[in-house]
């Protein structure tokens, strides 16, 4: 058994997971919103990137912002439609509405992009690196680097900048934030736009690792759940660590037990954590 | 509230009343076809349905069934057993004479008792699970695609011929995958072949990232890796690509019928060198010179601009065999036709001579192939 | 100039689910004036100040006009009324508990031009006003005492450049000594140029600092006048100041 | 209207409902549709209690449906139990699983509750897919026809199964409406709308939640029981999102806390799916859009469109369809 290779697998997977989950973490931390359409937004990001690269002939690096823009657009529409529910914090309805959005996105993407598997090939994903017994691609390196930069930038923004402060104020108490002169609706819009852009960025980077299908997205939502809950809901640093831990767990559980049960095992751990310390999850809102 | 209910009930009623048409002598014979037309398996389900339509028009051109034209009623099971059952019920109430179905085994297993209870003939084209022929859901089952045990023999023979000693399995962890692996191992045992199972990695059907499993397999340094993955849209091409990238040592062999041309087109260059086996190739002997097959291939190309693969051929052959039996017996009734097919032989089909076992399983003839230049190249008959 | 009201409410009505909680034909607060609003529990004091900024933790129906320096701001959402200089320091939760004092005092708006009569207090100025906050500037809001939170609430409002300040029950839950400290600070703010509407239950303390007093009962103004006159008003004297008032 | 009159009217309505498939032509397809609608409506009523009364979104109700179906399949096919015994078994198993799940999630609220219930559903699906005791991915076959020899009753097709399905539906509606009038129902509403008030009124929120959970699970499980007989085959697909979305949509689309809401919701969805289908993808878009639009723009559900009508009906059917304003 090649443990170093599994370590590499786990680290790459972990950064991919953290990147996939980050949009949701912020959404949850700032706006206390859940988005069950997250997986389908990931799918859409992957397909828009693919469309840009292989149908429009755009360079990969141009296709990424293109996909992020699409993600922002979807986020805006979702928030526009759900604004009343968001301000009311009607979580029951919000959860179901986002499930509905996932359905609509899946149906629309399948009608637009077809339902056959596609390969999202990038200049990085086709370049393999063999290093002794180890194997990875430049795409894997890009995932790790972008994830680290993204999390560092996000952490800095939230902790040190005015925008981050505004978001934290809205997260803690939207009504008090309004009395501080903050346009709460705009912050909610911004957070949704961020969610859309972040998940599209994750898709553009992570999706080239495997073939893409319009029916995918379920696994991504599952991963996001685990990362967000284990990381302490709304916590950026926690999400990064939880993503990394989940990646390593998946790799080593796959190595020592079986990949067949990795997801179920991760969920079992999650349930166990929640049973043992149900209160320990309510970490400070605002995403520290 | 009551108004809503009445409204819903009324619309429901209107549609149901409009549904069943009166069966008259010169009315077409209705044939129900249920495959996934959407979702991951959607494109392939659509192709199978199209192939059946092509075969229907071939049959109709040569006089139809008992002088009546065949009308195909196609439905989408969405790869979901519950939806499949609903669709089967719909077709039953439309008065179909036979239902050709089956891409996913659970969908077939769910539909079998429903179709059976309605007294309608049920022909399974592709679903591979062994219980389909167990008689529990349908005592008069017929299935065309090869069974796991038939498939196991050809892969076992290949392993033995290659004198490979270190064997690894990458297996989909469900009834199909586990059954396929078991049958390969059972066949190896039957021919008393000595080998060492150096790795065995199971993964869920929906898996697309095999790097963790491949790392384990690679470390075991196998002579042959057998990949068993029926997820043609996602899993199999991903597995082939990642195996190539990870520089998996030894020969990658895919389980029978898991590498269709669609898999190769997604997997791209990485597919070159992969070995597989299958039961139908449109342009290889004995199919290439089979007049019926040529006609079928031409018709499919003409109607749908597509060269048929194995799945399409199986769907079309299901319709053809049923039409032959009906014409021969001059009946559309379930029981006589099922009994004619089960254990029977048919000449002049797109598969040439087709023979069914007493349990309704088609006897098929496997051929090994290698993928070269992203094309399936059948290995010489000596194999 | 001195007589023109900075803040004016006309026909202000607030209703919760069909029940009229406030019915205010007219109320005005003039430049550099400290107006106190007093009344029993449920008289509509908080409803009044909340209604002026269009803010609530419930979902009331608000109608009527609110004018700030003669400009009608009643169509604006809360955050824009705040930005135009009408600041409410609410009762209860008035600081961000998950943030440090320093962060609570950080600017939430990047506009520099505030317009006539407004000035944004600098961080140093508010620390000068409340040295205690400077000592605790790295503490989280949740670690502050009630008095410190009240100071922080006022300080945060000053940082936003208020034209008029609405204070909702600043003395609630504070020790008597702290009450007078807070109210004295408010008085000195008014003396240095601010306009304040103060809702207070502690009439005895309030009457010492305010210029004018408004008495609310069941959502309506039942008495109004200079503090000195109101002291002798029997409705005030009996209900709020007790027998020992001369 | 007097209480007695209402009861009589309801009884007449209940009797009339039984003849709906006959009125609609009585073809096999109508019976198949009606039986399925009844089964799925019962399934949804279990979830309805959690969503409408407790105000939480349980994503684990497919598990109770599966528990009912799998227990029935195992007891009837392997142990040879009759329908009544297997029903008892299914309800018991559902209670057990619900107690376990209820205790685990007792402390959790809102989205954390939903996430954990979803996790449970995913783990359950993996277990069902892989555990050969439950038939693995091939599922369980050989479920016998619905026969109660004691009563000489046997149902081999949907037409014959209809009386059973209809009775089950009536029973579920009765349980839900009694629940809403019961002290537990009032307590649940209080816990949902005003937890603080609930505590001060002597209601134990956690106990109430657990009790509602324990009442809700067997309802959904009983739907699984009949589904096993109706389909004669059970596989892990009963844990798929298809059923989850079906249930959720049925519960919310017409309007929350309307007694006949889930039934009408299921009817609308299945009629669309069966008779107005535009193919899987367009159906998905339709179902998703209906969910989005009703929840986002019609706060009181589809009945909001018929607001004037509703007041009419509210008067006539007060005990049945009385809307209670949702949480503000």
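Should a chain be cited, it is by its letter among A, B, C and D, assigned in written order, with residues numbered from 1 in that chain.
We adopt the following convention: a contact is a pair of C-beta atoms (placed from the backbone, for glycine too) under 8 Å apart; a residue touches a chain by one contact, two chains touch by 3 or more.
Being a predicted model, the structure only gives us computed values, none of them experimental.
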Any chain that touches chain D and chain B: A
Chain grouping by contact, computed as though chain C were missing: one piece
Chain nearest the overall Cα centroid: A
Selected interface, A-D versus A-B, where C-beta contact pairs are more numerous: A-D
Centroid spacing, where centroids are CA-atom means, of chain C and chain D in whole angstrom: 52
Chain centre separation in whole Å, for chain C relative to chain B (CA means): 77
Rounded Å distance between chain A and chain B, as computed from the means of their C-alpha atoms: 37
Chain A-chain D separation of Cα centroids, rounded to whole Å: 33
Junction residues of chain D - those touching two or more other chains: 126, 130, 280-281, 328
Shared-contact residues (touching 2 or more other chains) in chain B: 38-39, 42, 173, 204
Touching chain combinations (by label order): A-B, A-C, A-D, B-D
Parts of chain C lying in touch with chain A, wherever the complex brings them together: 53, 55, 57, 77-80, 82-83, 87-90, 93-94, 96-99, 103, 106-110, 156, 160
Touching residues on chain B, where the partner in the complex is chain D: 1-5, 8-9, 11-13, 15-17, 19-20, 37-39, 42, 76, 78, 80-83, 85-86, 89-90, 92-93, 105-106, 109-110, 112-114, 117-118, 129, 131, 134, 136-137, 173-176, 178, 204-205
Contact footprint of chain C on chain A as seen in their complex: 162, 165-166, 168-169, 172-173, 175-184, 284-286
Contact footprint of chain A on chain B as seen in their complex: 38-40, 42-43, 173, 201-204, 206-213, 215-216, 218-219, 233-234, 237-238, 241, 245-247, 262, 266, 268
Touching residues on chain D, where the partner in the complex is chain A: 51, 55-57, 104, 107-108, 110-112, 114-116, 118-120, 122-123, 126-127, 130, 241, 245, 248-249, 252, 280-285, 287-292, 295-297, 299, 326-328
